[in-house]
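Both of the next two complexes hold chain A, though its partner changes from chain B to chain C.
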Partner chain A sequence: MSRIWVIALNTFKEAVRDRILYAILAFATAMIGSTFVLATIGAGSGEKIIRDIGLGFISLFGTLIAIFIGIGLVYKEIDRRTIYTIVSKPIHRYQFVLGKYLGLTLTLFVNVIIMTWALMGLIYIGEGLWDFRLFAASGMILLELMVITGIAILFSAFSTPTLSAIFTLSLFAIGRLLDDLRLFGEQYAGDVGRAVIRAVYYLLPNLGRFNISGEVVHGLPLSEVVSPMAVVYGFLYVTALLALTAVIFQNKDFR
Partner chain B sequence: MVVVKTEGLTKEYRTGFWRTRVRVLHDLSLEVQQGEVFGYLGPNGAGKTTTLKLLLGLIYPTAGRAWILGKDVFDVAVKAQVGFLPENPYFYDYLTGREFLDFYGHLFGVPYRERRQRIEALLQLVGLGKAGDLQLRKYSKGMLQRVGLAQALINDPQLIILDEPTSGLDPVGRKQVRDLILDLKARGKTVFFSTHIVPDVELICDRVGIIDGGRLARVGSVDDLVGSEVESIEITVSGLEESLWDQVAARSIRPPVRRAERVVFAVKTEKEAAQVIELLLGRGASIVAVQPHRQRLEDVFLREVAGRE
Partner chain C sequence: MRGVSVLWAGLFAVALVASVLVGRSLEVRGGGARLPDDPLYLPSATFLRYASLGYRHMLADFMWIRATQYFGSQLEARTRFQGRYQFLFPMLDLATSLDPQYIHAYRFGGLLLIVVRQYENAISLYEKGYASNPGRWEMPHDLGRLYYLDLKDYAKALQWWKITNELPGRPEYIPRFIPLLYFEAGQREIAIALWLEMYQATDNALIRHMIRGRLESFGVKVGE
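Showing the complex of A and B:
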């Protein structure tokens, strides 16, 4: 475990010392701040609008960080040949993959926390209360980001950053619309089409499962909103992605 | 004790659209003993780096096997005894020199206090004592090479594998690296290094392997490879009478050369040298220098490489 942790901390350090991260974070905070304006000019349910759009921004910017750091996570090490001095040390290749993944997850965790506090601060200024329920929504956002990071790291183990970005973004978009796709298939597709859509539905990550922002914003009880099955599903999916990445990485020649 | 051993080590890559097989290393079998400095000499693209990568488990062999300290190179535990400096090292440039060494020390599981001590000692050893808190992005090429060397020694390894450790360094830097290698040898370490710089090998290696076109052409001690026989004897004289010029030219194995007041020529054997010296001394010339020339490793190397082209 300690070697995985060494790699993870180094990955975190790399992200934290990268100016891009600060640019994204600053922009995200500014955008979350701007919802305040939207809420004041919008009629009626301003409180809900702030929460809804704010959580949307946390998810959006988290996804940007996950994809754009994730796709370079392993690729950069191979491309810059820093991998030579790692794999020649007493460390298993899967430990390296896990370490890189955990490092980015840690980065995302810190970022989501910062953005959530920024949103909560904004709400406190407007309404004079700390809405801790938002952490349930952002926790599920983090879980979604972990799945997206897993997809990005998988592609980055065998593909260039540009292709990885395209693949990951595509899977992200499909993953968000998977429930609609299935609904569409059940209603309009023929037998074969339905079978294909069903296969796709079970194979690809169903990211819609992690989106509970609407329910949280509308004040539903958290015990009804947060599904333990969704959490288990998220962790299982990440495990499968990492296992696949580790297998690819294990068989790779670092030329 | 055998530290490095390979048997029939072969590597093929598939390249191009048709995935054609290209063999970059052919059936390499060699052994390196403990305490040896082994120079792996070859032109660019000869298969040197491929061999080192196979020894470090960075790539998988197509055929054959390799062992370090008696254990298969894919046994991760054995790497605790190995230090490695890649060619043109690229490192995490957002780390400072100290953080960089700490990271690798940590990967080796070196305990905290020992790590602190080793990092300071190594920074001093490679002459980066003052640059320890500078980010690597601010290092020059020579400094990167040195911090890379420090990284290769952070675990106090038994075997140190260096890929072109002196290329790209100035003469002072090259000498420092050579001295460091000799220092490691004095401490009983085994050093396996690749290079295309022949004089470096000649100066510090116990044994040399010459590789070309993916094949090990020669292996042995420098003396074994160059032989101890005198190839020619160069004689420098001054005050040579003009009438003797033709006689000297006739005995010389290459045209005599005038350098100011002096004439330089070369004969094949010691016997010829004695005869010609006697003749010249009898005619009032003075002998400035007599220098026997042995074959150099460079000659052997160039012949091996040229023979395959």
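Showing the complex of A and C:
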């Protein structure tokens, strides 16, 4: 465990030193700040606009961080040949994968917290209250980002960063539309098509299950909005992704 | 080396100034037959729902802001053009299709449509809002108000305010208005019976005074 933690901390430090992270974070914070302007021209729905768009930006920029740092996690080590130093040490390859993943998850956690507090601070300035319900939405956003990171690191283990970014972005888009895809299949596809779509629906990550921002903003009770099964689903999916990455990495020949 | 830098800096300045000038000339040439701020094309709600990749609430907010901006820009252009506000309802429809729980967009959007006398569209928007949020009092309330104040259809107003009256959180004045609407809708006996019932049920001196005045105007005498 301590080995995994050492790699995780190193990955975190490396990510924190990455200029792309600061660029995305600064841009995200600026965009969240800009919702204040949008709220003033929202003709009375400013409170909703700040929350909707703020949470949207947290998710959007978190996804960018997860993808653009995630795709380079393993590939960079291979490209710089630092992987030889690592695999020659008494460390299992799965520990390396887990450490890398946890390091980026820690980075994302810190970023989501910073962005959520920025949004809450903005709401406090405008409305004079701390809206702690937003943490429920951003918690689920983090869970979604963990799944996206898992996908990014999986592709990173066997593909180039450009291809990994394309694959991960595609899976992100499909994952967000899976419910609609299933509905489409049920309405228009034949028996075989329906079976294929159903298989795809269950196999691919259903990222829509983590999207509760709208419900949180509309003030629905959190007990109805946050589903423990969605949280379990997220962790199980991440486990499956990491296991697959570990298998691929274990069988990879670094000569 | 220094000369090359100066050359690039000079090119940058010239290109920047030229782009500003060209931009300004494009602004002057624009206009034509199109209304200012008229959108050329509005995508369907279904398409936007897919294209938003789950960020549909955010998109609904942008569409709502766009609708209010459009209303303002058309207001400014009123002396020059006929057939204004043709995109107002489609924009509001889009915003509320992307976020069917967007109560403010139904209510304030409905008001904008009433202001520009698009009553049918306002009714559609309110009815859509009620269908999507059957537990909310706001849309039946606004429908009742539209039928009462603008369309003078008291039977319809009564129908919607009776629905409002059953919903949680409705304004406290609704029960007081229902007898009046019965009266306006030509159902005088029911109106008087409801006022009498209300008169006997309340201890509030002001409300009793108001109801007594109303009843007396219909020739019904009530004790103190």
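Throughout what follows, the second predicted complex is superposed on the first by the 255 of 255 C-alpha atoms of A that agree within 3 Å, B and C clash if a C-alpha of one lies under 4 Å from a C-alpha of the other, contacts with A are read in each partner's own complex, and residues count from 1 in each chain.
Going forward, a residue touches a chain if its C-beta (ideal position, glycine included) is under 8 Å from a C-beta of that chain, and two chains touch if they have at least 3 such contacts.
Note that the structure is a prediction, hence the values are computed from the model and not measured.
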Output check: A:S159 vs chain B and chain C. Expected answer is one of first, second, both, neither. What do you get? neither
Report for A:H92: first if it touches chain B alone, second if chain C alone, otherwise both or neither. first
Which superposed partner A:Y84 touches (first chain B, second chain C, both, neither): first
First (chain B), second (chain C), both or neither touched by A:D253: first
Kindly classify A:D18 by the partners it touches after superposition: chain B alone (first), chain C alone (second), both, or neither? first
State whether A:N10 touches chain B only (first), chain C only (second), both chains, or neither. first
A:D52 contacts which: chain B (first), chain C (second), both, neither? second
Once the shared chain is lined up, is A:H218 touching chain B (first), chain C (second), both, or neither of them? second
Contacts of chain A common to chain B and chain C in the A-superposed view none
Please name which positions on chain B make contact with chain A in the complex. 13, 53, 56-60, 76-80, 82, 84, 86, 89-92, 94-95, 99, 103-104, 106-109, 148, 151, 161
If you look only at chain A, which of its residues touch chain B in the complex? 2-3, 6-7, 10, 13-14, 17-18, 80-92, 251, 253-255
Which residues of chain C touch chain A in their complex? 49-50, 53-58, 60-61, 64-65, 68-69, 99, 101-102, 104-105, 108
Spell out the part of chain A that touches chain C in their complex, as residue ranges. 38, 41-45, 48-49, 52-53, 56, 59-60, 172-173, 176-177, 180, 207-208, 211, 213-214, 217-218
